[in-house]
């Protein structure tokens, strides 16, 4: 008899990836997959990649979810706080949404609006001390997909004082699944194939989370939609404060992190290598012309950026080895 | 102590996928990955998606391979026969190449040239009686990627006499990884993105294999290169001989096949749903205008079309459950 | 002072391509672009590729359109007949929709439903006698995009009796712009990239038009959605009646057609080579195994399949050289 | 009788686009297209999108080229200087390569190696005074594709002192045609589709050209290969020196530039909108968090980034209107 897990909001892309990972997890039993509109429909009608999974979407009902040992919330931003409040404390919860990430209520109001639901334990195990914090928590807020890619690249450099926190410039491109499964014209295949398009330039709602997680005090983020289903490539530049070798700092920070790979010198991360996996690939250098430190990170936005990370957090919360049911190897080409 | 497996020709796309599957297989220990030109290089220099796999390509030497319990040959057509001949009978071999697929030496000479190496047990477990034959064999010839998709769609219909074997028309489109990893201008991203291009029209070397495997006596195959890394979509049309329901025939044929999914009526296979998996999705109907039976099948050419199938065959040869270390769930979107 | 042209339904993909072609046409003055929902919005808000075109969408009002010498109707199927009925006979009309293509009212009712608006002159100038018919018409029904690709490949062979009309098998794959600009989940970039998916298998509404245009009496059409914005690749197979060389038949049929190119022997059409152009590329062979004739054609579904063809028809109706303002050269890679 | 133009190096992607533009140019007669290896082959064997162009590649021979009024050199870097030296001064030359762009011989040696061929008139008409300089020149060095996108975004801001030249951070992603037509494994479709990969991070050979053209004194450039055939999206960030509105500066700089479009507020450039066109789309804002100026520009790397720009320069050199034979409208979707 395994650990009973449920997914709320299982009809979206992160929800589908969670179902795939749970189905392959040796310790998890999937007891419910809920969805607002698709309640009553076979899961495979929405996620044909799960052909053979004999399951029907349930309505998103707290009573259904309360029956599980652990619940993943893969709901739109603003919807998970209300649902989580109805779940008993004995049920462990990993929230893939933004509702419980920010400690700063003002930042929440400014970017998301509405009342601030309060911060939960932040779900990025690779941050110092965070692995233990997650292991002891019953409520964990999964890190946002852009924040994962950028924080893993930047946080150790700021933490050791190797770069200045006040002047960080990031350009990060994401595959389209990061924008969700709702039908919108600008996300049509006809629009996105062959196209790169920036969005929310100069004022992205993920900036407060990234600053909180990295320690950056001045951050310019330009997100770009890229013509691929999955993947985030983040290019992070910052001003070095001294002569610290950024590669050495990163190597030290992630010596014991099973999912973070600092690539050999000369090899640069690319997104396809992380597809379907829970891994993050990193590389760093110092720009010969500007002297800036450049760190590039690649993740699968649905993997380490969402569902993979959520399973990693769940493993820690449940006392399982961090890597249970997760792969570090990408599906490529 | 697991079963010792080796991969010869591990630097190609099928080889890389084999390494990924072997690394995740609970019973296999990877003891060698050989490659002609990359001998001495880290595996991750060629396959960055395997970051974390600490292994160096060995030279393709029979002595190295003879040390394994089972060897996968993922070599170019025409190279595996010579190598296989140097391996002791005690070493089980799965050949992903074409060398040992054809029983007809004339057909071999006509399409491939050179001497015919002789046929091995044909590695498509879903054919009648073939699961047992593979379980008893020490040498198995993996089915070609197009042949998998087409045979699973067509063979049961011919076997029960539901369609005429003499007039089968197939158009099958493949992702670019099916064309291999050798650098050729017509396979450049600039050429293939946004493009569909037929090739070897009217005379494809896979036709004899498909006829042998399906029982078709007249077959027109038009292969098309499609702008995606993975996946084969085969559209098979044939003339019905009576009123047999093609869906019923397929449902019956694959009732016990864990990797073949006949989709619910109205749902049609699409390739992305099989990416990274060992599954084949099928659907069939009768054309209202022409009366032809149309069967569509989708596979991942590197999964059920190559590496996944090879592991499935290896499992059978080694007495393991057929599904060990394989997934039926695709990585999508 | 040029010829005054207007576009109704200018906010869709075919509409946008029409605006691009009209803007570059040496004899046309664009006097109105109408759109239902976007009335009042700048054209460039919907079609950013037309940056610099200083024009606002008008409401789709017959009075606005009646002021033009020629009107292109790029409306959803079923909407153009009503609008056309309100335009004076003195205004020439090219309808890109399906409303006036079919001569058979029963076929219309069966596939589209609703009353049959009656057939107009069929807008495929490359059919025998059709160039003159179009030149003398004031109402022309543009050929559907699949029908263009298939008819140009097949009609001459049936016309000369080189193939049997009763057993034609077609698999045709289209880029996503053929499915229009309405936001639908299955057309999202996340869904279509990396994917091939058949649709309306066994019963496609374009079959009656294709039979009417080609003379085929038995036709199996399997349409496939392909991961590219533009392009149709049609693979047409038929049974030869004798020894006629299909290349010779096609060469003869299109000797004077400026937009149809029979490629040199050994070269096969591919869609990217026709992107942005009004051309159709053709190649034919006889399958060595089945003896079937295989003809492959490639077009840009928005070019020769829609907007380019419409301009070609308009040129003929207005007494201009057929090629005015149109290119035979694709934008590739 | 038109102006006689020739293309040397016509078998590459920029060469093919030049042939397409020349074929549609009302004043140009194409008298020769030369290619090293393909000499003697039909142009359409290499560029099937030009089906109908009845021309054979000539060998790259100065005597052949000297017969033209104007020669476009689309050769690999390092090859055009030697060829140009053999052409009489009476033949106008536009060099699409890097050989004559840099005024600083040291920078040339550092990044390209070999002797410095000396700088020609720099072919970016939108720079102050440059339109007249080009009109008076017989030798013009086309701007590099990255340099076009970045310079148009940045140069006016530095010129008026609105941003600090010493701290510019650029991340620029390019479609694969920018990497050329040589067959390389990392450019295969299987590798690039679904993938974003940075390259030459921290030390790109285009930095000296960009600094020369923009006036930047400290520049960090991270180039990224994107999964699309064409297009460059450059994200340029810089530190403002005061309160100047970056949009107002750009609007003023390009008031008379027919190919540069500052988009309406809120609309951001995306690459697909410029495909096949000679246009550059721009937008700018000030980041609310960091206070940095962010300018994004989009071009077609083969259009305004190469062949389109070359024709624009040729028009100016020949006294034709700058826009002759060029389109500002992209082929989209």
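Per-chain numbering from 1; labels A, B, C and D assigned in written order.
Definition applied: a residue touches a chain if its C-beta (ideal position, glycine included) is under 8 Å from a C-beta of that chain, and two chains touch if they have at least 3 such contacts.
Worth saying up front: this structure is predicted, and the values here are computed from it rather than measured.
**Q** Please determine the option from A-B, B-C or B-D whose contacts repeat those of C-D, over half of the contact pairs being identical by residue number.
**A** A-B
**Q** Comparing the two chain pairs, does A-B have more C-beta contacts than A-C, or is it the other way round?
**A** Greater number of contacting C-beta pairs: A-B.
**Q** Just curious, how far off is chain B from chain A if you go by their C-alpha centres, in Å?
**A** Roughly 34 Å separates the two chain centres.
**Q** If you average the CA atoms of chain A and of chain C, how many Å lie between those two points?
**A** 44
**Q** Of all the residues in chain B, which ones touch at least 2 other chains?
**A** 13, 175-177, 190-191, 193-194, 227-230, 270, 272, 275, 333
**Q** Under the touch definition given earlier, write down the residues of chain B that touch chain C in their complex.
**A** 167-169, 171, 173, 175, 190-191, 193-199, 201-203, 207, 211, 218-222, 224, 226-231, 233, 235, 237, 268-272, 275, 283, 285-292, 294, 296, 298, 333
**Q** In the complex formed with chain B, which residues of chain A make contact?
**A** Residues 13, 16, 20, 23-24, 42, 44-45, 47-53, 176-177, 193-194, 229-230, 258, 261, 263-264, 267, 270, 272-277, 279, 281, 327-333 of chain A touch chain B in their complex.
**Q** Inside the complex, what are the residues of chain C that reach chain A?
**A** It is residues 13, 175-177, 179, 181-185, 187-194, 227-229 of chain C that touch chain A.
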